[in-house]
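Both complexes below contain chain A, partnered by chain B and then by chain C.
== the complex of A and B ==
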């Protein structure tokens, strides 16, 4: 390179480029523009919706939640709710029940079928393939309606009332199986279980440390189970001694009752500010090296600014946006602890739990399952088995892919070291397969939860179906939809957080 | 004398003659393709045997049959007096006495170097963790990378990974080590560090069977060279004889292509 070339280069570098070519400036501009665009769109749409509603003379607001619904619900924790809000809550509980139960059963079934597809047994392998290919290629709605129709064609419940002397009863009313009932002394017994679990964890840790020292198997998990079982047995008889615990909850309830709205607003604002300050300080600390602070990138500045903004917004929300929020917290907190105080209270000395078989009773014109058994009513059974069978087909494929993604060399290396099949699966194959399985598995859990909204088609009282009833009676469509959206968002975020937690723990360090 | 008595007697006789690996008429097919064709060979204790041959000649298949990663269909394989059969207990016993090093290292990527090495001692030999850790650290010292114990395999170079793989196999205190092309996946400058470890192992008296393309290693370390082609053993001999004065035409052709 000649001398003059070098000079030109030096000059080009030292001069600041015009702003429209300056990468830093453009990046900031883009960020600000994007933020402005999003805010503008939100404000515009809210304004439009508001003026449209006003023009049609429809009042907005959530007052309808406190108004009587005037119709019964088919099934749930409360089939005759006082208010629309209570009805929506019943729907939410139903949705959560179906989702959690569905996730559990779909996972088990999916793993079984997925492993079955890799079996060397021809019949097992073929059956699992047929299962997956059939169920994942038929729309879920069709499957749900099919199950609903199949249950409807089952024999009617017999007239002879009373307990059914069996474990499982299937009829056109659905499915009923024995159920565990929570008894009077359950909550005191729960304290025994929790103490047992804590002691059990301690024993388990001691046992695994012992294993490290002596090398022989020390059965840490078995000892944990044994300790918890011992505490459960002792608590079965001794649980009344914890009657005083209820008093603690009563005391907390009275403390909450004594709080004022202003005080709670202040506390929340302080907590938000403290959280933001802590977060920013930790963020900056991470960027500090022994040599001094590293230069923050533009994105880092944005994060700091947004953390501060979030705190300000939170403070504005509790003080100006919704001042009643604080009294709501006080009231619901007090109610919660009063309920807890009652549950843990003195004088509840009965049996902690009890199991009953399904029974049949006739309240109206037709016999139906009574409250003794665990009843999957026709609609619930259709939705539940629909989403379970459908999602299990996808989970099976994910499990199969995850196991197949572990290179063959891993199995060979484990075999060459003399590891037994189960040890190999537990220590080598599964940890690596899970890493591949977990993220798409989380997606399937989200899908299952959202798919339960198809209950609408067969009239099972999940959140969407109840919501539809509510807005048909009140006309508050947008409000109900907003509740739906927030609810499903909360469910999805919860699942994401749980799955991500395990995902991070399983991550493989590569460099 | 029943058949099983005769087998036992023969097995004991074989073991008594300090033969570590005995193969008799081993045949194996992959579908129609015959991978191993009447392989018979005896490898003695403390012997270092290098198996050479063009790719596809069945070297790897043979070495993988010895710890049952592949199943031979005909013939007998006896390792340290234990016959390889469908008896799971025999297979387990043989696998815990035979260490193996692979071309692709096959380290467990989710475990640290130390955990890679201690996994089998803890879960197969039921040894205390602390004792296994100490053994693992001294093995890492032996293969020259004691400072890498807490890292993950993905953070190491190829040569370092292969040395960890050797340490992992040695942690089971094997009587025999099998090497399946241990340097073929390595960059040239890393081959030496792995070969040095193998040479040290050979000098310490380990019985070794090595499939490799490293002629220098064969010449320097091997007690015996076995040349294979198309699933058959073509020629066996000392390195001097093999490299300077091969008898078979096919051996000469192979050597002329690679040297």
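== the complex of A and C ==
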């Protein structure tokens, strides 16, 4: 390269381009302009909405949550809520119940169908593909409405009252199955189970060590299960001997009750200060090498200062910011232990677990299922079976793809080792397939949760349906929509956090 | 729309790929003798035998239940047959029905051309005659099995009601039932003998080598369906004096056998035309034109054919045409000037000034400084946008001329459509919406896809860009929309959108719903496209930088084509999902086919409470379309070999 060329290059590099050609300036200009545009549009529309609402004489705000709703809900933990807020809460609980139950059943069904699609049995393979191809290609809403219509056309509940001689009762009122519920002595029995689990774990570890020594199978898992089962069986009859545990909780409750607000404030402040001091000491210790302390960067100083500041803030919060916090802690702690004391209390000698069969009672003009069985009302049954069957079809496809993603060599190697088919599936294929399966599976769980909102179409009182009732009566559409969004975003976040947790644990450990 | 894009994709890819795909096809396995096959596939081990018996019983039970339900004398399938018109088009006036047939015909011709152009020339493609004949025999056997499985029919009185006695419904004896169902036996026999004829008609050698293309199978099947319309009055029913007859008179539904026959002929002709064009070597230009037709099809069919706008010719001649010409000329001049390679700095200044004017127009509109037609504002914006990106297309004279032609065409279409949309419709319907039923499902789905595709691509580009504000805005939009159920978004748009609009502006329910669908679907599409974008290796970016392409050129010509190709399978999945999601229209109060079956038909006096029949029919309609699309996407995936590279 000649001299002049280098000079030109140097000159071009040193001279900044004019601002209207400067890439950095232009990029930021474009971004700020886009942001301003979006903000402008949002503000404009918010202003429009405000004036439109004013013209219709609708005030905005969340006061309606405390006002009576004035109508009953079909099903839920509280069918006659006193306020709109309570009604929305009932809706949320219904949504969560359907989602969790749906996720459990859909996973089981999906895995069965997905494995079935890869079966060597032609009939099983075909049945499973027909299931998947049929349900996947029909909109969920149509399925839910169809199931609802089918349930509504079933025979009526018989007039004769009392317990039903059967395990399952299906009628136009929905589905009723036996309900397992916690009996009187359940908590004392739980102590037996806990002790059994501890002993079982110890036995299991011993058996594994023995396995390593002698080389023959010592059945560690089977012995663990056996020990726990033995304790459970013994506890079934002997659980009253733990009646004294309730007394301990009662004692803790009375100690908590005796505490004063100042004392708790002092304790919390001391704990905060101690935590800060300990953290700073550990932090500094980590920076100490045999050659002396390493130099702290600006960030490190900032961290130390921040730790101290956090402690000061915590102390200020409990003493000045919200003095009632301490007594709130005392009260709730006391209540908790009183409840525990009551649950574990003496004189509870009934069966730990009890089950009741469905019954029919006639309160008003029409007979209906009584409270003994586990009742799925028409709407609940339609939504539940709708989302379960539909999501299971998608889960089946994910499971199939995951299993097919495991290299064929793995199967062949397992067969060469002489593993049985079930062992191979459990020990070799599924663990590897799970890595592929888990992320899309999480997506399906999310979809299922969101799809329960289709309950609106058949009037099952989930959050969206209750929300619609509320805004039809109060006109607070924006507020209700904001509650919907927050709730569903929180659900999405929770599910993705849980799935991510397992995803990280399952990942191949790489260097 | 799936078929549009898929067909476009297939059409673009020439014969070389076909040859490749053929080579990749495994040879067909020689068949096992039946006893061997059963032993190997059904009873290979004790566990398998148990499974076979269990699943066989379960399957038989389910099939029997479905058959008993479907063919029960208590079912009122007339509710569906009489209401076919309602289910498909709702209240669209009967005397204007020819418009709907024009739409169906247009789509048939376009589809035929696309399919014909894409059809493989090579012989070994599709279903072998061997397989075809065995599945025909199997179908015949299935029909026969169904006839035997179904419980004997119930006895009915003269008015068609089911007779009951103390023990329940009175039924005929098994032997009577079997002889009564002679038509079904005949059908089974016809199917089985057709299969047998195919099997023995083709000699051993040819049987293995003869393949039937899916298109031909489809044409034969649809021909049978269309011909059946001439024999059996599917939807041709009337009520006369409260009695229900399959006769002319004041028909509730109307006969569609003639239009369907014409459309079948059109489709066949279009396929033939497409094939002969392919043989004649129709170039990519023709494919491009066809794809543009597909793109314009929803707009033209809805706004021009179905709506039949009433044009005010005085205004058209004095305002609309001059405006269109003016913008075509103005934009053309600007483009011609700015694509000159020597213009340099001046070009940017002009483009910025134009953008300033365009933005000023909107701001002025907001504050009411001076009046201006909305389409003038939009045209100005288009001119400014074209000016901003013009320098990417700078080149020699012929290239610039072509760009100019594209611009003039764009302006012509834009002004034409704007004029039509602003004219009132001459088709009068008793309902608020022009059309309902399955048509509205198709309309909403196709407009949703048309609008959400560019939006989704832009969101994906913003999410993967290095510009932080764009990235944050796009990410938060996508995550919020994806975290929320569709129904809440639709309810929000259906109930609340009116509140956010300026005074004097209103939006119909269907339009608001389409907007909601578009935003929702765009967020999901963006994630699919992002997957494609992330699959592109760094080398591609570096190479295009090394060649000296601008960021816009790199994105348009290097990155996006590759990214979109990778994301075609999930995009088709999204198309199917959108199609299924349109059923939610029923919940927000639009009259789509689900609402017809769930609310409208059960409230007719003749069919009070008849719900399940209509719902099953709706299931069938959705299933046929979604299943066809998903099968097509699977073939496409295999063909593109996305999973294998």
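Here is the rule we go by: the second predicted complex is superposed on the first by the 272 of 511 C-alpha atoms of A that agree within 3 Å, B and C clash if a C-alpha of one lies under 4 Å from a C-alpha of the other, contacts with A are read in each partner's own complex, and residues count from 1 in each chain.
Assume a residue touches a chain if its C-beta (ideal position, glycine included) is under 8 Å from a C-beta of that chain, and two chains touch if they have at least 3 such contacts.
Since the model is a prediction, treat every value here as computed from it, not as a measurement.
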### Message
Looking at A:226, would you say it contacts chain B, chain C, both, or neither? Reply first, second, both or neither.
### Response
neither
### Task
Look at A:312 in the shared chain and tell me whether it touches chain B only, chain C only, both, or neither; answer first, second, both or neither.
neither
### Task
For A:464, decide between first (touching chain B), second (touching chain C), both and neither.
second
#### Entry: Partner chain in contact with A:488 - chain B first, chain C second, else both or neither
second
### Query
First (chain B), second (chain C), both or neither: which does A:415 touch?
first
### Task
Based on the superposed arrangement, let me know which partner A:405 touches: chain B (first), chain C (second), both, or neither?
neither
### Query
Is A:77 touching the first partner chain B, the second partner chain C, both, or neither of them?
neither
### Query
Which holds for A:168: it touches chain B only (first), chain C only (second), both, or neither?
neither
### Partner, of chain C and chain B, that touches more residues belonging to chain A
C
### Query
After lining up the shared chain so the two structures overlap, which partner does A:353 touch, if you call chain B first and chain C second: first, second, both or neither?
neither
### Of all residues in chain C, those that touch chain A in their complex
41-42, 44, 48, 51-52, 55-56, 58-59, 345, 348-349, 352, 366, 467-470, 473, 480, 482-488, 491-492, 495-496, 498-502, 576, 580-581, 583-584, 586-587, 594, 598, 611-612, 615-616, 618-619, 622-623, 626-627, 630
## Note on the structure
As the complex stands, chain A meets chain B at residues 211-217, 407, 409-410, 412-420, 423, 427-428, 431-432, 435, 506, 508-511
### Task
Please give the residue numbers of chain B that touch chain A in the complex, ascending.
67-69, 92, 95-96, 98-100, 102, 104, 106-110, 119-120, 122-132, 151-152, 154-155, 165, 168-169, 172
### Summary
So, in the complex, the side of chain A touching chain C is made of residues 20-21, 27, 30-32, 34-35, 38, 44-46, 48-49, 52-53, 119-124, 127, 133-134, 136-143, 145-146, 149-150, 153, 446, 450-451, 453-454, 456-457, 464, 468, 471, 477-478, 481, 484-485, 488-489, 492-493
